[in-house]
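To keep things clear, I will list the structure first and then write my remarks on it.
Going by the order they are written in, the chains are A, B, C and D; count residues from 1 in each one.
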Amino acid sequence: MNVLSILILIPLITALVLLMVRKELHMKLIALFGSIAQLGYSVWLTNYYINFRKAGDTAEMLFQTSLGWFKPLNIYFSTGVDGISLTMILLTAMVVVAGILVSWKIQHQVKEFFFLIVLLSLGAYGFFISTDLFMMFFFLELAVIPKYLLIGIWGSGKKEYSAMKLALMLMAGSALVFLGIAALYFASGIYGGQYTWNIHELTQINFPMSVQVPIYLLIFTGFGVFTAMFPFHTWAPDGHSSAPTAASMFLAGISMKLGGYGALRVATYLLPNAAQEWSWIFIILASIAIIYGAFATMMQKDLKYMNAYSSVSHCGFVILGIAMLTKTAFMGAVMQMVSHGIMTALFFAAIGMIYDRAHTRQANELGGMLKQMPFIGTAFIIAGLTSLGLPGFSGFVSEMTVFVGSWERTGIFYRVATILACASIVVTAVYILRSVGFAIWGTITNKEYETLKDATWNEKAAAVLLIAGIVFIGVLPFWVVNLISNDTITIFNKFISVAVAN
Amino acid sequence: MEQVPLSHVLILSSCLFFLGIYGFFSRRNMITMLMSIELILNSININFIAFNKYLYPHQLEGVFFTLFIITVAAAEVSLAIAIIINLYRKFNTIDVEDTNTMKF
Amino acid sequence: MSIYSYLMLRFEVVITLIIFILLVLKLNDADKKEKSLLIGINIMLLLNFIVGLLPMAEGNLFMGFFRSNGLLVLQKNILNLGLLLISLTSYNYLLKNNNRIEFYILMLSSMLGVFAMLSSGHILVLYLGLEMSTIPIAALANFNKSMKNSSEAGIKLILSSAFSTGILLFGISLLYGAVGNLSFENIQANLQLNELTLLAFAFILGGFAFKMSIVPFHLWTADVYEGSPVAVTNYLSVISKGSVIFVFISVLYSIFSSFTDAWLYAITILSILSMTVGNLFAMRQQNLKRFFAFSSIAQVGFVLVGIAGASKIGLTSATYFVLIYLLSNIASFGVISAIFDATGKETINDYKGLYKSNPYFALILAVSLFSLAGIPPTAGFFGKMFLLTSSMGNGMYVLLAFAAINIVISLYNYLRIVKTMFIDDAVEVLPVVGRNFGMKMALAVCTIGIIIIGFVTPLFQYIDVLSIVK
Amino acid sequence: MSTYDIAALLILLLPILSFAGLSFLGKRITPCTAGIVGTTVLFVAAGLALFTAYGYFFQFGEVAGAYAHHTSLEINWLQFNENLSINLSIILDPISVMMLVVITVISAMVHLYSFKYMHGEERFATYYAYLALFTFSMLGLVVSGNLFQMYIFWELVGVSSFLLIGFYFTKPSAIAAAKKAFIVTRFADLGFLLGILMLSYGAETLDFFVLIERLTQPDSVYLASFTATSFMGLSALSWGLLLVFTGGAGKSAMFPLHIWLPDAMEGPTPVSALIHAATMVVAGVYLVARLFPVFAISAPDALAIVGYIGVFTALFAAVIACTQTDIKRVLAYSTISQIAFMMFALGVAGWGEEKAEGFTASMFHLFTHAFFKALLFLGAGAVIHAVHSNEMKDMGGLRKSMPITHITFLIACLAIAGVPLLSGFFSKEAILNAAYHGNPMIFYVALLTSGLTAFYMFRLYFRIFWYKADEHGHHNHEKGMWAMNLPLIILAIGAAFTGYIPFGDFVSADGKPFELPFHLTFSIAPVLAGVIGIGIAWMMYSKQNSNPDKVSASFGRFYNWAYHKFYIDEIYLFVTKKVLFNLVGRPAAWFDKNVVDGMINGYASITSTTSEAIKGMQSGRLQTYTLFFLGGVLVVAILLIVNFI
């Protein structure tokens, strides 16, 4: 049994056990223990991985295995992790635990809810440990329908519309991805002599430019939809705002990262020539997303919409970092993924807690939440400060790394894009402070709010977990950097070698 | 004796074929439509026979095919007429234009 | 004839035997003991299925008019399984209907036609099989003799199928004129690309496309599906369609292999039309049977995407997909028929809140819908993706672009039903629908099949080994 | 690590520990304990700072006749790439050590003062926690050895300032002020960030000292390539430095980024004293001083711009200060003006012994200003505490009831007005001297400004303590207020005597001891300007009379403009609310909702429209169906024949 398979097995077993129990409390406990076990295992695995690396294992990925799946099509169940995927796994594990904790009070269809959440996390874990493109795609798609159901059943507002939009847009994105990887599969046969879906084997092949470009554009755009890249981001605001708290956390915290990870690991890594020639398109889109997302955020009254648009803006940094093609930018993109994942989960958790109590998310209808609910208010402010890139929290280190990395790319075009991206820090400050000013500070506007209670134990635990993550990365960024820098350099070296080859 | 050339026969069968098709489209009585189908099938039979006779006179494939077509057509028509009778009981008409309760 | 020959002919022989037994039973007025009769028939069908699983025998009989090979045996087995499952799911329907023996006789006759068609080595047998498989279905479509819709379905099916036969035969006659001998080997060897053969091909294509309900030859489908009893709709959508797909693949891949470019061109157009029109129409349907008619049209469009691979992968993935499609559709129709038999309801809106009243049916329907939509972890995902992969291997980029768009639209269509069942609140709560043993078994087999076929891959490899493209 | 290094580390650690402790345990301990803990920690830190200063200036700082920088601690915190990394470090050099002393001492005073001032506040512990956080951040800022580290702490002081301004978070005006302060400085920080990116790209390092070395050596390749490109007449280096300066201008409230500072007075008064008078607002000056060699040697044009902006701000703020009636706002504009003095002092300086006089003068003024301005704020706080109002009209004649406040306030006013023998005199003298030698035009404007300074300070002084009879009764407001009075007294001592420190011996641009020139004859003009200012103030405000109105009327429109702060706020409001919100934000949101999302929904509606449009195909008529069938066959046949024959 491979150490990585356990990452899939734990959620799988949790899900199956969940289906068997009848008492609601047991379901919750099973989901919680399953997710905590997964978090614990991820931490252990990270440590295990670091020990291997310390011992001098320089393989590109560790713990690789390969089991036959659909052999006639050369589809294998092959796994492997490097630092980048490990950080993503840790992020997922953390957000899942927090998500389950905040959903403790869920009212109806408890079993289904937790089952879907576990299934969603299973998709994410599977995606991050795959080294086979088909398998990766399998897990990518696996996570689409649980989102639809989570939003559709437990959501609020115009949930059906939002859920449908999300499912369709993500499906469209994944269809593009599939076309891309299928084309890559056949290209590998033609140009590499061996039909394969395996990432490591694909990197060895030098595809001609004419093959790379369309595939690159397809895959990047497809994953871009997942990352809410402009102009394919509109599923995000509606989806997030209609989703139940935990689903919002997952959507923004994990799902959007699937796209970023894919864009880096598949599109950029496997198709370096095309990336060098064509990444400017995505730089433009990312810059637009960053600035325009930020301005659009400014006009939102609904806190969830606000955070959803801000996610569009922040995920723009991820795309920007990946498209800039410098190793620092890659590193920044990965860090931004982690940082944004935790931060936005915290944000949505805090918003959800407020919404559960006040039954509104309109910033101007709220007010004085800090006075009434100091814990939730503080969590909100911390999430906000992370979002606007305050040092000491994870947002700062990741954004700065993206900026520094982007600045490494010389040329007027790249500079302008970087400056635009930097400019967003001001706009971010504006909307974050506006929301804090309206909703958290100020006096209580509604008599009913005076009876609101502060966070309960489960909510506190969730928030503390996420805040711990934010602060950990924010204060000790070198830990993350050490984990991922070698791998981003591996990806970057691909470009160097390509440049040399040309 | 001078033979009728193949093309003449084929023109005949084609005419018959399209006559059948025309009848099928223009007639509203289902029985007439069935008759039109018979016309189509007969044109095909002529085709088979003609090809057999003119091009491949040493084998009898076309002829056999024709036999089978006639048989199957008989079966088809008998069933069709059974259904038409059943339909008539429900609709009180065998006008094909009236059987459009299910659409879009 | 040797034992070996009978082994080759075992499917046909067993079906014929059952038909005879049923005739005898009918004469003995066995209709009265409905339960034991139905159980008996189902047991016979099970035996039929088991006999099909016996070691395969390859070879040709009757001067090559009848062929048998591994892939054909597998395809027949798949269809046999489908038949058994359909029979199980229609248990309740037949319990209430007095003409159950006729129902089975007709269905089995059609099945015999299907087998003949599959095994044909000559166009004559192919034609006969095709007709034999269609004509009894027209009678079955009209099986609810007291219902207006059913008669309409029957007449639409028989008339348009007669017309399509005419077109098909006209094509065949032209083909005969061109090659002189209609055995498959001869056609494949002697076919030349010229106006005559292309015209013949177009007419033959029309005939097959009609049976597979490919746009624009599909228009009868929805009306017939809607008007027929659920069991018949199920049979039409699964067995008729699946078998013609199998035959169609072998016709394209072997008989017309000499003008692959031409048929790829035609198939691209038809596939795009099928997927798009099927999905666009499915979008606006309220009646579930009608919905599934259009859904099946779109699904066939996808199969064509796979067939457009024009390779071993195309053959493998299309066969694989048909198996999955069969399981998914039978499960869906099983649920529909269970609910229809118990409540008489078959529109999408009636399914509001189904998950709350009948969670198992809702879940099974959802799983099969996901499978049809190609959502993991159901097998439909693999089936659909392999079809796309196959097409990608042949560089059919335009087709793939449309396929990608249609994946999204079809997801919308299927999610619409899922939404109704899981998200919407019931206006009128459906009663809890009972499940008999047969239905349970059928649905269980389908659901388990849908879920595990994607993970238990030897089956796929087996199909791959059997799929031989000449 | 030596003892001093540990002390330096402790100076930073103590406040952050205090912050952590107070914020986590704040609710469990009594406010009194929280206050005592916070204050004690800061006093210890102040002691350590003095100890470190002693050590640096007299024990180990001087290397080969010049004060060199000393790295106490360095942690590789974030490695961007081979060259660039954020190293968290503690650097001791003359200016950072000076700042350590200023920050810890003023902060300790403010902590002590707040003990009484904030008494009874619900979130007392939180307040102390924030103060500790601020102190930590500010200390971190000044000991930065790395451009990015400075940016980190720069942001942290920004946010602690934000939290403290918004401390009364239920007051709408406080919320607005906090947001404004943060956003305006954030905007400036954008410049800083871009400047950092440019400098780091040009010098391939983020380390201050390496950077300075690489960008000042005449034969440096970095310098050559950096100055090779230019834009609008300024080299890339100058642009980089100016962008960095933008950040400094934001924090130090230089025109036109000054608008946040007056509003920031919404925070508790001790906070204003600490953050918005003595420490944080001079961060910009400190930043320019940090990079001074680069400015002075490699980009004098940029430095000149700094000087012009500085002197304009000084005059501009002084004019506004003359018209304001809220005493804290007067002090705020006075702060802007004084910081602008420091800024242009740097601006007029050059490189080399004599020319760099402005550098020392600027730092000197920074040092003295911290004391007297903190004192002024704390005094004003005491007054506000007593009369519960910020408005001048509610005050007057308070000298009897608040003798200690009165005396200390007077000392501070005299100091800031540049009256001889007090600290402000020496530092301002040095600045004017430097300006005179550096850029005479700046000198004359500065001279005028120092006259105005004297006027508005004494306008304030007279208006509070004289003008009219005390309306609040004659009882002593200061009884039992040792916690508030003690800091006043200590700071007053500072304000009076810090001028006697031979500053040039310790702080100079190149680290070498340097004698600040002092010419008695030169002093006449500034002193005269100050005296005239005081005299006018005395005439107008020592008693209640109608002179002020007459004078203001005589200035007419100009007075009105000044009173309304030259409508800068309105311009900003227009730009943000009207232009950015209405012309960018709203269209963006609209565009997103209607165009981008509309596009997506458009696909859906196109699909359903098409579906509706083609439904006629399925007409239910058998003959139509077969017609389609035949049509299909024929079309396929024709297409095939056309394409493949």
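By definition in this document, a residue touches a chain if its C-beta (ideal position, glycine included) is under 8 Å from a C-beta of that chain, and two chains touch if they have at least 3 such contacts.
Not measured: the values here are computed from a predicted model.
Colleague: What shortest step count links subunit A and subunit B in the network of chain contacts?
Modeller: Minimum step count, subunit A to subunit B: 2.
Colleague: Could you name the chain whose Cα mean is nearest to the mean of all protein Cα atoms here?
Modeller: A
Colleague: Out of B-D and A-C, which chain pair has the most contact pairs?
Modeller: The greater number of contacts lies at A-C.
Colleague: Between subunit B and subunit D, what distance separates the C-alpha centroids? Give it in angstrom.
Modeller: Once rounded, the distance between the two centres reads 96 Å.
Colleague: Quick one: subunit A and subunit C, Cα centre-to-centre, how many Å?
Modeller: 42
Colleague: Any idea how many Å lie between the Cα centroids of subunit A and subunit D?
Modeller: A distance of 37 Å separates the two centres.
Colleague: Measuring centre to centre with CA averages, how many angstrom lie between subunit B and subunit C?
Modeller: Measuring from centre to centre gives 27 Å for this pair.
Colleague: Where does subunit A touch two or more other chains at once, residue-wise?
Modeller: Each of 168 in subunit A touches at least two other chains.
Colleague: Counting only residues that touch at least two other chains, what does the list for subunit D look like?
Modeller: In subunit D, 615, 618, 620, 622, 626, 630 touch at least two other chains.
Colleague: At least two partner chains per residue is the criterion; list those residues in subunit B.
Modeller: If we look for residues of subunit B contacting two or more partner chains, we find 21, 24, 96, 99-104.
Colleague: Following the definition at the start, I'd like every touching pair of chains, please.
Modeller: Between chains, contact exists in these pairs: A-C, A-D, B-C, B-D, C-D.
Colleague: Spell out the residues on subunit B that touch subunit C in their complex, using ranges where they run on.
Modeller: 17, 20-21, 24, 30, 33-34, 37, 40-41, 43-44, 47-48, 51-52, 55-56, 59, 61-62, 64-65, 68-69, 72, 75-77, 79-80, 82-84, 86-87, 89-91, 96, 99-104
Colleague: Tell me, which parts of subunit D touch subunit C in their complex?
Modeller: That would be residues 607-608, 610-612, 614-615, 617-618, 620, 622, 624-626, 628-634, 636-637, 639-641, 643-645 of subunit D.
Colleague: Once bound in the complex, which stretches of subunit D touch subunit B?
Modeller: Going through subunit D, the ones touching subunit B are 615, 618-623, 626-627, 630.
Colleague: What does subunit B use to touch subunit D in their complex?
Modeller: Residues 21, 24-25, 96-97, 99-104.
Colleague: Note which residues of subunit C are touching subunit D in the complex, please.
Modeller: Residue list for subunit C touching subunit D: 155-156, 159-160, 163-164, 167, 193-195, 198-199, 201-203, 205-206, 209-210, 215-217, 219-220, 222-223, 259, 261-262, 265-266, 269-270, 277, 280-281, 283-284, 409.
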